[in-house]
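Both complexes shown next keep subunit A, but they swap its partner, so subunit B is in the first and subunit C is in the second.
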Partner chain A sequence: MSEQPLLTVTIDNITLQVPAGTTILQAARKIGGEVAPPAMCYYSKLKESGGKCRTCLVEVSKGSEKDPRPLPKLVASCRTTVMDGMEVKNITSPRVLDARAGVVEFLLINHPLDCPICDQAGECHLQDLSYEHGKEGTRYEFQRRTFKKHDLGPYIQLHMTRCILCYRCVYTADQLTARREHGVLDRGDHAEIATHIEKSLENNFIGNVIDVCPVGALTDKTFRFKNRVWFLKPLNAHRDCPDCCGKVTLWNRGDEVYRVTARKDEWGEVESLEDGSAAWICNTCRFDKKKTSDWVIEGPRDINRHSVISQGHYAGKIGTTTPTEIFTAVHDGRQPKLLMDIHSVSEVNRPEIELSRIAGPSHSNDFQKGNE
Partner chain B sequence: MQALTNRSRAVSRKPLTFMESLYLPAILKGMLITFSHIFKKNPTVRYPEEKRPFSPVFRGLHVLNRDEEGRENCTACGLCAVACPAEAITMEGAERMEGEEHLYREEKYAAKYEINMLRCIFCGLCEEACPKDAIYLSETFAPANFTRKGFIYGKEELLIPHPIEEPEAFAKAKGLNKEA
Partner chain C sequence: MGVQLLLEKVKVEGIRHYDVYRREGGYRSVEKALKQMSPEAIVEEVKKSGLRGRGGAGFPAGMKWSFIAKPEGVPRHLVCNADESEPGTFKDRYLMEFIPHLLIEGLIVSSYALGSNDTYIYIRGEYAWIADILETAIEEAKANGMLGKNILQSGFDCNIYVHRGAGAYICGEETALIESLEGKRGNPRIKPPFPAVQGVWMRPTVVNNVETLAAVVPIINDGGEAYAKIGVGKSTGTKLISACGNINRPGVYEIDMTISVEEFIYSDEYCGGIPNGKRLKACIPGGSSVPILPANLLLKTAKGEARLMNYESLSDGGFVSGSMMGSGGFIVLDEDQCIVKNTYTLTRFYRHESCGQCSPCREGTGWMEKILWRLENGEGKESDIDLLWDIQRRIEGNTICPLGDAAAWPVAAAIRHFRDEFEWHVREPQEARKRNYGLAHYADPIHVPVAG
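Let's look at the complex of A and B:
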């Protein structure tokens, strides 16, 4: 059997060669940067995902070498495989940019825009998408759809109003867990992510739906409202986990582990391990190991400097080592005079209230402690 | 060498004339200017008895806003703290419990909210960043204090008076009765 020939494809005037069967989106991601179309529903680690959100629409200005006619409509790049000699326009095509702005408007039609409350804010793909490709303002004047609150158990918080129905969580449950217990119920405008008759999601790998969710529809209940992601420092850490790879990102504040997530790559997807499989993590790692002593910390995680998360400047060794104190050495053993102990004045970050250890979101009664 | 500006002048090194070397006319001229101020209007403002009006864009102490029903606007979204160049703002969010709907406008609220007025540079970026109409810089400044403790402002100090329980104080804080 001869080796598969490489196909030549040109995306935004950049030519590269890819094996047959590669989709336009995957080829564009090899180039990277702005050439890669945004994707809300496609997830390279989940089989059969994609083709639902239409944010990755591109224009094919030349079908192939044999048939150079352009494709009549914009195509979803996550589901269209490349042909030899294909020419694709993404950001160089005004049609694509216009269509994408329209798609963003559609996605935001029923979105509540409650980013100030949403725990996903700062790492939300819909936020990025509407910033980069959307238009300012809304033309929608009607009531946005609302849903009856649906409880998914002690770990996962569902906000159905924020959902864009990308089906990523459904595929995650199908492909990672033994039995899928949630899905999309009803049709059209009433379609919602739910379990059939209130059930909590408890499969050991079900926590990964939080990581795959591109918006704030599925969030971590153990982290709910506790802090904003940009005030936390992301650290790479690992532990010996019998169920999963144990390679995670810890989101710390001081020494408190506020949240544990899988490691995500530049496309917002779970990173690949050395053997090519995705680094999904189990529920034990994600929800139960909220102590720094449970983990071996490898070092701070690289965050794109354009991300709001990088504003904490947790670069280099910050957060992983304590600086050597030289004051006492140069002052003949005299201790530095503390002008004000902030904990004696401040009500925030009180040492006796460990927010990260509270099971769910904190409430007013959690702050009563130590007040008497 | 080319001069850097066209404003440089050569220093005059001519010897003083007789009139100049007397100095007295120059001293008298200076004294005349000095004593003429006795008859001019006194510009001193006798603070604190007398206060100069603040400009409407003055950036002073922060206030946390309430809506017309007296519920707190702040949802602890952290945008003010992330916008703050002096890192003066800290907060802790919490979930609203049942029965607290009259206290907080949204599901999430700031259980603790603190501004360190020693760090604050009164730039007003927090006010600009706030998506919930919750923080404003008022037309007052932080009073002097002998201890550093007095400059850590918590929610009790920052929140404006309740519009229903204390309507007069609320109106004053909002500047509603200024015209009257």
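Let's look at the complex of A and C:
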């Protein structure tokens, strides 16, 4: 096979080369940082996903080298492939930011905002999205849409009230399992994710719908109300599983395993294995193996420094790009306005110290000592 | 009456049946096309005619046909969109109910031009009896050798299947229609790929409206150039208009797109004026999703010219002072109608029909409906009007399919042109419950040219 030609694309004034067939979102993720549009429904491991939530809308200010006309509408970056010479504006376009703020508002008007009692809090994509792009108040003054809770089998609970209808779980159930038994009923704002006549989902891999859910609509019944994610310490672990790859993240408090999830990358997606397939895990690993002795522990997991989970001081490498680097590149060398640089005034949380190497809760002493 | 190409024979007794239709000169175009013309020549003829899609968007039909991909060994399909669910539009129903063979004839010729051996009519489920009429017509055509294997010894095989929808407006959107035809949930697909490349079962597909396909018959019979001579500018041929609302003679009319809107509403040949001596307040000229226009902007464009019933003239002035031809559902509102209530009704429809796939449309339509309900019932606030404007602005253009736009435009136009009436509903809630705002100044001549 001949080598595929690389296409040049400019996203927010940053130029890079990507192979043909790459979507704008994937190209932007290669740059990383704020330039990558948020994605609530797109999931690179699921075929046909994306295009629905409209949070990843970007402006194409130049279609391609051949046809330089700008596209009239904002496009969903997760489903639009890159053309040679394309110029894309994401965070530099006021139009995009306005549309995105609108989408966040739409997603939140029927969301119960019950984060204080929601198991997803702390690792919820909608929380992150509204924190970054939302408004502080709501203009919605009507009753919110509610549904009854449903149990999809013994392990999964569906809380439709929180759902943002991203269809990820539908694609997961479709593509990982043989039968089509999980889908969407009704339409419009009363549409609901459901199984056919409240059947339970009997499949060894169905637990993965919990991992793909960007909000707290699908939750692990073995973990419901047990703990907050930021009190738990994520550990990479594996076991020899006959059904799946067996590579998981254990969420421990002390020696007790509170829950088991698949390993997620910096975009909140399940990691890829060496052969490129996604590291889905089976129900046995997820729900039944809740003892530390079942697992071979590899070590603490890297957690994004900006995530609330890192407040337990287990932060590592992922997402350690400081916001200023990208910001400066995008805004023609202009520095962001920071109220203060926390590291210049604080002795704790110094970036050069590898936090995940600190055993147990950390104190200011640990930072004074350094990493020895 | 002007030129009639589609509905000329509709009043002939028994035209619904093959024998009468054939005696009146039907199926001539099939004979001509299959015996004398190549598929490419037909596409060329349709291009020459300047025929524009009659479903609402007005995209040139010949262009659409020429986009269809022709990979080796992959079947192609033609799908007829008979899922006519737009409030105020009922032209296809009339055509299919009274002269079904015209559609079948157009379908055979178009299938030959596109190389579709299996052609589908996707008809809305509510038109149950029309689906039966079409199936009878297909049986009759088949019995007389116009359908099936080797039609008229030309070597071209074609079968037409009628597929009944299950009552969703969204299935009139071409990719949702394709999904529904495949037996899936009618959610619009994300484009690209366009149906011309990957449509039904991932095969190249063309989806056309009933009226567009029926118009292929006179184009083939008389030639594309003769068709293009009818009408003005880029609005060629004739258009079916389904007129309803506060008029004396509601019904389906075939117009040649040269008459003015004023003539269409007031002449006895067409709508016959407004009943009970009422005055014209507003009009939705192209089906519920196009912007509403007040009387003064409807009859005259912002430049002061008389507005004609055609694509260009109706959209003159853009959305600031114009509207759209749309699907031809002409809804007339007299001075007793309340614009707020009318907008609420339309928004309720779009909320109910939104497929719920993408968030702006799913959540935005419901929100707009609730606000409009509040305004209509005298519980609104002044800020609600600006809020509505903001919501519609953020829905429009940000959705997968045009249903989001269709839901946003009526609200935008109502606020743009009838803001006074919305404000009156807020300031005089007691009055608003008792009576309507009335004609107010909406029919007054505009002295200052409208910007835009």
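Note that in this section the second predicted complex is superposed on the first by the 311 of 372 C-alpha atoms of A that agree within 3 Å, B and C clash if a C-alpha of one lies under 4 Å from a C-alpha of the other, contacts with A are read in each partner's own complex, and residues count from 1 in each chain.
Following the convention adopted for this analysis, a contact is a pair of C-beta atoms (placed from the backbone, for glycine too) under 8 Å apart; a residue touches a chain by one contact, two chains touch by 3 or more.
In this text, all values refer to a predicted model and were calculated from it rather than measured experimentally.
When both complexes are overlaid on chain A, the residue A:231 reaches subunit B alone and has no touch with subunit C.
Looking at the shared chain after the overlay, A:285 reaches neither subunit B nor subunit C. In the superposed model, A:308 lies in contact with subunit B only, and not with subunit C.
Contact with neither subunit B nor subunit C is seen for A:193 once the two complexes are overlaid on the shared chain. Legend: residue contacts after superposition of the two complexes on their common chain; A:103 is shown touching subunit C, with no touch to subunit B. Within the complex, the subunit A residues that touch subunit C are 50-55, 57, 72-74, 76, 79, 98-99, 102-103, 105-107, 109-110, 139-140, 142, 145, 164-165, 167, 183-184, 186-191. Of all the residues in subunit A, the ones that touch subunit B in their complex are 114-117, 121, 224-228, 230-231, 308, 311, 339-340, 344-349, 355, 360-367. Looking at the complex, you find that subunit C touches subunit A at residues 168, 170, 185, 190, 351-360, 362-367, 370, 387, 393-394, 397-400. Within the complex formed with subunit A, the residues of subunit B that make contact are 75-79, 81-82, 90-95, 97, 100, 106-108, 111-114, 131-132, 148-149, 152, 154.
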